[in-house]
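Letters A, B, C, D and E mark the chains as written, and numbering starts fresh at 1 in each.
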Amino acid sequence: MEIKRTIKYQADRVRGFGREVMSVPGCEKLKDCIQCGTCSGVCPLSIYMDFTPRQVMALTREDFKNEVLASHTIWLCASCYACTVECPREIRITDIMYELKQRAIHEGVYPKRFPIPVLAQEFTTMVRQHGRVSEGLLVTKLYLKTNPIAALGMAKLGMGLMKTGRFSLKQENIKQRADLARIVATVDNESVKA
Amino acid sequence: MSKPKVAFYWCASCGGCEETVVDLAEDILGVVEKVDIVLWPVAMDFKYQDIEAMADKEIFATLLNGAIRTSEQEEMAALLRRKSQFLIAYGACAQMGGIPALANQFSRDQILEFNYEKCPALDNPQKTRPTLSLQDDGRNPHLPEFRNVVRTLDQVVDVDYYIPGCPPTPNLTKAAFEALLSGNLPPKGAVIAPDIALCDECSRKATKPTNVAFTEFKRPHQALADPDLCFLAQGMVCMGPATRSGCGAACTSGNMPCTGCFGPTSRVRDQGAKILSSLCANIEARDEDGINQTLAGIPDPVGTFYRYGLAKSILRRRVDLNMTASGK
Amino acid sequence: MRYGYFPGCSLKGTGRAYEESLLPVMQHLGVEMVELDDWSCCGATAYMAVDEGKACALAARNLALAEQGGFAQVMAPCSACYLVLNKTQHFMQDYPAMRRLVDKALGSVGLKVSNDTPVRHPLDILLNDVGLDAVKQKVTRPLKGLKVAPYYGCQIVRPYSTFDDQADPVSMDQLLQALGAEVIDWPLKTKCCGGSLTGTLPEAGLRLSYILLKEAKKRGADLIATVCPLCQFNLDGYHDKIEAKWEPVRVPTVYFSQLMGLAFGMPANRLGLQRGFIPMPSLPRAEAVAA
Amino acid sequence: MTREWKPRLVAFFCNWCTYTAADLAGVSRLKYAPNVRVIRLMCSGRIDPQFILEALAKGADGVLIGGCHPNDCHYVEGNYKMLRRFQLLKRMLQDMGIEEQRVRLEWISAAEGDKVRKVVNEMTEALQALGPLGLPGRFEEWDREVEHLAATVQEKEAAGCACGAPAEPRDTEVAHV
Amino acid sequence: MAMEKQNQEPRIGFYVCHCGTNIAGMVDCAEVAHHVGTLPNVVMSKDYKYMCSDPGQELIQKDIAAHGLNRVVVASCSPLLHEHTFRGAVEKGGLNPFFFHMVNIREHDSWVHTDRQEATEKAKALAQAAIGRVAHHKALETKRVDINPTTLVVGAGIAGIHTAMTIANAGKQVVLVEREPTIGGHMAKFDKTFPTLDCAACILTPKMSAAGAHENIRLLSYSEVTKVDGFVGNYKVTIKRKPRYIDEEACIGCQDCIPACVFKTPKFADEFNEGLGKRRPVYIPFPQATPQIVAIDPNVCLNFKKGENGDRVVSDKCKKTCVEACGDKDAIDFTQTERFEEIEVGAIVVATGFQTYDATRSPSYGYGRYDNVYTALEIERLVNASGPTGGHVVMRDGKSEPKSVGIIHCVGSRDKKTNAWCSRVCCMYSMKLAHLLKEHTNAEIYNFYIDVRTPGKGYEEFYGKLLEEGVHFIRGRVGEVTDWAMTPEEEGKLVIRVEDTLAGMVRRIPVDMVVLATGLEPQKDAQDVRRLFNMSCGSEGFFLERHPKLAPVNTFSDGIYIAGACQGPKDIPDTVAQAGAAAAEVLALIDKGYVEQEPNTAFILEDECSGCKSCIPLCPYTAILFDEKTDKAWINEALCKGCGTCVGSCPSGSIVQNLFEDQEIFSEIEGVLAYD
């Protein structure tokens, strides 16, 4: 049996991380957390998380950036907003999860081949290029990138969807794709975050 | 012993104050008997140089009416101040700016533009405007400058007494002369009129109810005024409660509400603010909409409450007007 | 009643049955839905995870298109679109920096958004603009005896909607009752179906779908009525996997709009009902209702 | 202008509600802009419009009036009387060229310490955006127009009773065109 | 002597208080003193650590004597706190106390600003304003008004009862008003009290009957205050006596009418038992109710049946068997109507208590949806021997005992969406109920808490006792209570889903019964009551005390006091202590016999009044009268309360308000703006 040291030293913190997150629109109220655990109590996916949402709040506030960004929790969040509406301190936990996801993608620290961030990225790429999402294509790309084997397991579903007219590999496009590209480029230049 | 010298002078005014002096009727003879009039442009011919030539304080008293709007008026005020023992602001314009001071709601340019270009009754195709100097037959006379601001006399020179009114009543004028000549002088700076509001001498006072609650305000042209009933009880804005008495309630006796020409009592700094405070507090409505509905009857609060007193009010002039000092 | 219609990507794909049923039903009720010209992806949840600013700008582009098209209100039937468009409006209102960013981004292509176009859900419109009485009047084939579990999913009631209770919504309950159906009372109305996790992380996501189906079945529901294309997909598409892992819980899941169409006497195939995997149970015998 | 201009806000607070609320803000250590100077009166009904004009004339950039909420006046209805005056005063001030945002009436109950903070901050910000009202400076500017008169008078007095032509208009003055 | 100094040139002494670091930490007091020292009329300017201390006050007195000061300004805290203190100090120093003015540089400056330089400048400006103002101050005399020695106590829960008894025991008359048919309030419903576990009824009911029988207490039950006029010492109060359809004088409390009712079995929800029990239309709330007088509920009594048009139609099913049973006593009177009674009192104590949070506002806990979710108050009745089940803890099916119980703390409390505050008693009563339920049923008990708060004598020890009894404490705010099962053991149970935050994992715990520890909140009509008595409410809606530390039972209206949970959640010992404090305040007031009124009244300058009458309709107290003889207005000083509205409105400036003269305020305006 391997024994691991679990103590945290001050040096393990990335100072300023918590404050930085709390300065983002929608994340301010993290300051007010009283660690009651309501978020975890109502989260339908907390049972799979390595850190409960409450722990993610505590870790973020205390600058444990590395731990937070590497955790599964942020990728397991399905954005159902149950925590946000139930939180007695009105913390917008879902928005904090989004913020942490963005930071993880930005820093490239999410688990490789972990399909959720890949989905998010494929999704944005498709939207940027075409303006709309073609679900069939998106899912196909996702499986090819992450787990081609598993894609075989989904083949039956795909066939079924095709039979019922719900699955298509045709890419939907909008007309003003150039406009869309410019909007996206403008945001890139003007990023809200410092 | 020579008789005390007295001067009358007028600045920005309508001449009504001069009329009052004449209105002293027989009494004027008594006055003339006791004094030498050394300056009275409206009635007698004296020149600036005559006054200049006098020794300082040689004039016993000068009664100056009219507001101060031009550089010439300023100079005359200064000159007369120097030459007089007592300088008396005579009438509402000299005391508080009077009707001319309503022009303090506008800039000089706005006024000149209107009067020399836009006024519908005007025939001025060259759009000529007043100048400060001109070439005329080899001469180069300098003309008075039209100032940006209408001023009271005491905003330009030191004033000893004030005789209020638009115009002052003969009685007050006579009383003032008597006081001056007898040497029985009030403290410097006094307004020579009772320091109590007009209601005190208004014949309608008894008809004012003790439970007035305004639901509307009417202007005199909007309704036929009851000749006996307190104007406020009729919903007509009457400045009487905020205005000095001494006029014998001339307007209210003539079935017109008081418009405030005698100015505030000594205890009030801003006549308009005070009548506003009193009238508004007694409105019946309690909600903003209802209050504003009642107040719609006072479409021009500045013109209503500061008809004579704008130059002397706390704000003096529309505050966002620029000083286009040189008309650039 | 005229609304700018924002279908969103799903209603053109996996959720096309939703659109196929919603359009005729709304038309039948005199509600005019005009599809926004050249609408783009709402910026959905996946985009939020990558870049909030872009997500908002994308959503705002659609709001700007609605304003440009002269629509006073927008109808967004997809729960995710409904949430994202609303969230964008809130963010623009609450955070001046976000507002400036969006203005700049849209300005770069000559678009403007005044941010005062309400984004409404069809349920909201049906209850508050059309009215249940008008709906009842159109019912020719009441869904008598049909036990329906109303399932709202998470994103239409949380966290921005104001037309229904966040914890215990009732709008669809009332609508279904107006159609003559019997509504099952269950505590899972707003529980998450697993969202996109059913595909990306099935061991976690599918369990949530399974719980919903299991509880609906246990409580005797003939079917589940939903308002969200993703929920419908999750509850309809994975029965073989759920059976393999847990037990058979074959309860069909349909859109509320499909049930409306049926109650209005429209043929099932005109309502996209043929597109579900789990077939719709046969309706109790039609009782003709005098019009 | 050696020092940076900061908005100056004079506040008239009623003793029972708004002044107490400001005390509560203090006790709760809420932080707000230091630009406000509070003058305590027993009731907003005591606030004479002269006070507001005087404050502006003496250099306030804005005036805040705080009273009890409708129906909550300690003196039954003093707050209504202030509200009525305020409605016309606001209009009159606008006619006199003073921006509407410079004078504000707020109902703040004794419990609303946070509202004091909010309103003071909002108003300070609004005044900052409007810039100085600067009435004392304007009065001085207006008075400068007649300054040369005093100088001339002094000159003449110094020269005794020298006679002569009226004072020349200064060369710098230009004709109106 | 004071009058002599009136006309002297002002010689002002200025003192700025450090208040330890409270002021000095943010304001440079020495600089303020230095600045003020340069102002005209100031002959003395000092800074000192604590001006309100004895040496601080003596400093002022010495300077008055040594330097001939005739005006004093102190810059320190709020005048609402210490104006009285310093006026006293100035008076002791031989000056009229109204030659004093106070500058608030703590609450309005050092405590609310963060920039030392700005705060110092503000302090200078405020001080300069006071220096300008105080020069115009005049010597004034305070006026004394006699106090009516009768006291009104509103609300007869434990707070009101204790207040009334204390005052009455001191020999003073009390009118005790209660809106319910019986006094006793919430405490009467409790089973035991924590942490001593003595029986609530055993300690309360003797006090209730003593109050009901006290010769100095006039008990008006089933009554409400509807109007309050007047001021400290002399209030006129209108009280509505609601009809209980019983002649209170005639009823002897035999209760023979109750079983005589045509409703053979009790049928209507019993308020006293939180609806868990049933009563008849004619009822007495509980056996020890005070007064021992029945009441008839017109909403359900057949004698008050309503016809189709809403008119009263006596049902023919009503046989008036109650009247028959009452017999000669003839106490039942169906014709009773609302009556109004006016009383005069000198002081008022408001003790109107609290209400419990409505658990249906937290739908995720299933109250109202699941039968076996209870509120704590329901459990109080359920474990009570005189409760609806005779103290047997059975669930709503009427037979099964719970084998496991989850007690959820903080329901409605500590939640910004409902009530943000901690309700202060729930931790303790939850533990009390845990103990009682365990005692009654031996069930497994789970407490779900965010924090356990046990700050009271013997409270922490009680927590320890519960731990020893094996009650579970799980730290985590419950996410939801549902009835759907994931495992066989969950079938048929209520499942509590919670993060066990100490273990760091999410748990599902099936139980038979859920108890919601609902919090305390203001009564729903607290705002109306507040207006009635001219009080303030805090942002959460509880009545606001004059000062949280130093005047906890006083309100901003002199002569009106508050006691108990209407001021904020509190337990019985704190309530009783506060009730005693309120009684002491009242007795101190009555014993003094008079109140000194702040001389801030207005007066009319008779010579200058024109008699325009503009002021007369403005006075809410009709203190301004028109004298037909002089043709001028005058102010009845006894009626004037000093708002100054007439002063601000007098168009000729002929009304003056003491302490707030125009010139004083103009100087203040100039002062606050003079400093750049």
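We adopt the following convention: contacts are C-beta pairs under 8 Å (C-beta built on N, C-alpha and C of every residue); 3 or more make two chains touch, one makes a residue touch a chain.
Here the structure is a predicted model, which means the values were calculated and not measured.
A.B. asks: Please give the intersection of the contact partners of chain A with those of chain D.
C.D. replies: Common contact partners of chain A and chain D, which must touch each of the two, are E.
A.B. asks: Please give the intersection of the contact partners of chain A with those of chain E.
C.D. replies: C
A.B. asks: Specify the chain most distant from chain A by Cα centroid.
C.D. replies: Most remote chain from chain A, centroid-wise, comes out as B.
A.B. asks: Can you work out the whole-Å distance between the CA centroids of chain B and chain D?
C.D. replies: Roughly 27 Å, centre to centre.
A.B. asks: Can you give the whole-Å distance between the Cα centres of chain A and chain B?
C.D. replies: Roughly 77 Å, centre to centre.
A.B. asks: Distance from the CA centroid of chain B to that of chain E, rounded to the nearest Å?
C.D. replies: Taking the mean C-alpha position of each chain, the two centres sit 59 Å apart.
A.B. asks: Using the average of all C-alpha atoms in each chain as its centre, how far is it in Å between chain C and chain E?
C.D. replies: 49
A.B. asks: What positions in chain B touch 2 or more of the other chains?
C.D. replies: Residue numbers touching two or more other chains: 268-269, 274, 277, 281.
A.B. asks: In chain E, which residues are in touch with two or more of the other chains?
C.D. replies: 364, 480, 618, 645, 648-649, 662, 666
A.B. asks: Among the residues of chain C, pick out those that touch two or more other chains and give their numbers.
C.D. replies: Residues 167.
A.B. asks: What chain pairs are in touch here?
C.D. replies: The list of touching pairs comes to A-C, A-E, B-D, B-E, C-E, D-E.
A.B. asks: Hey, which residues of chain D end up touching chain E in the complex?
C.D. replies: So the residues of chain D touching chain E come out as 3, 8, 10, 15-17, 19-20, 22-23, 25-27, 29-32, 34, 37-43, 45-48, 50-51, 54-55, 58-60, 71-72, 74-78, 81, 109-112, 114, 117.
A.B. asks: Show which residues of chain A lie in contact with chain E when the two form their complex.
C.D. replies: Those in contact with chain E are residues 34-43, 46-47, 52, 54-55, 86, 88-90.
A.B. asks: Which of the residues in chain E come into contact with chain D in the complex?
C.D. replies: Interface residues on the chain E side: 78-81, 104, 106-109, 111-115, 118-119, 121-122, 125-126, 129, 531, 534, 536-539, 544, 548, 556-557, 600, 618, 620-621, 641-645, 647-649, 657, 660, 662, 665-666, 668-670, 672-674, 676.
A.B. asks: Give the list of chain E residues in touch with chain C in this complex.
C.D. replies: 363-364, 366, 369, 480, 482-484, 486
A.B. asks: Going by the contact rule at the top, pick out the chain A residues touching chain C in the complex.
C.D. replies: Chain A residues touching chain C: 25-26, 44-45, 48, 75-76, 78-82, 84-85, 92, 94, 98-99, 101-102, 105, 115-117, 119-121, 123-124, 127, 131-136, 139, 142, 154, 156-157, 160-161, 164-168, 172, 174-176, 179-180, 182-188, 190-192.
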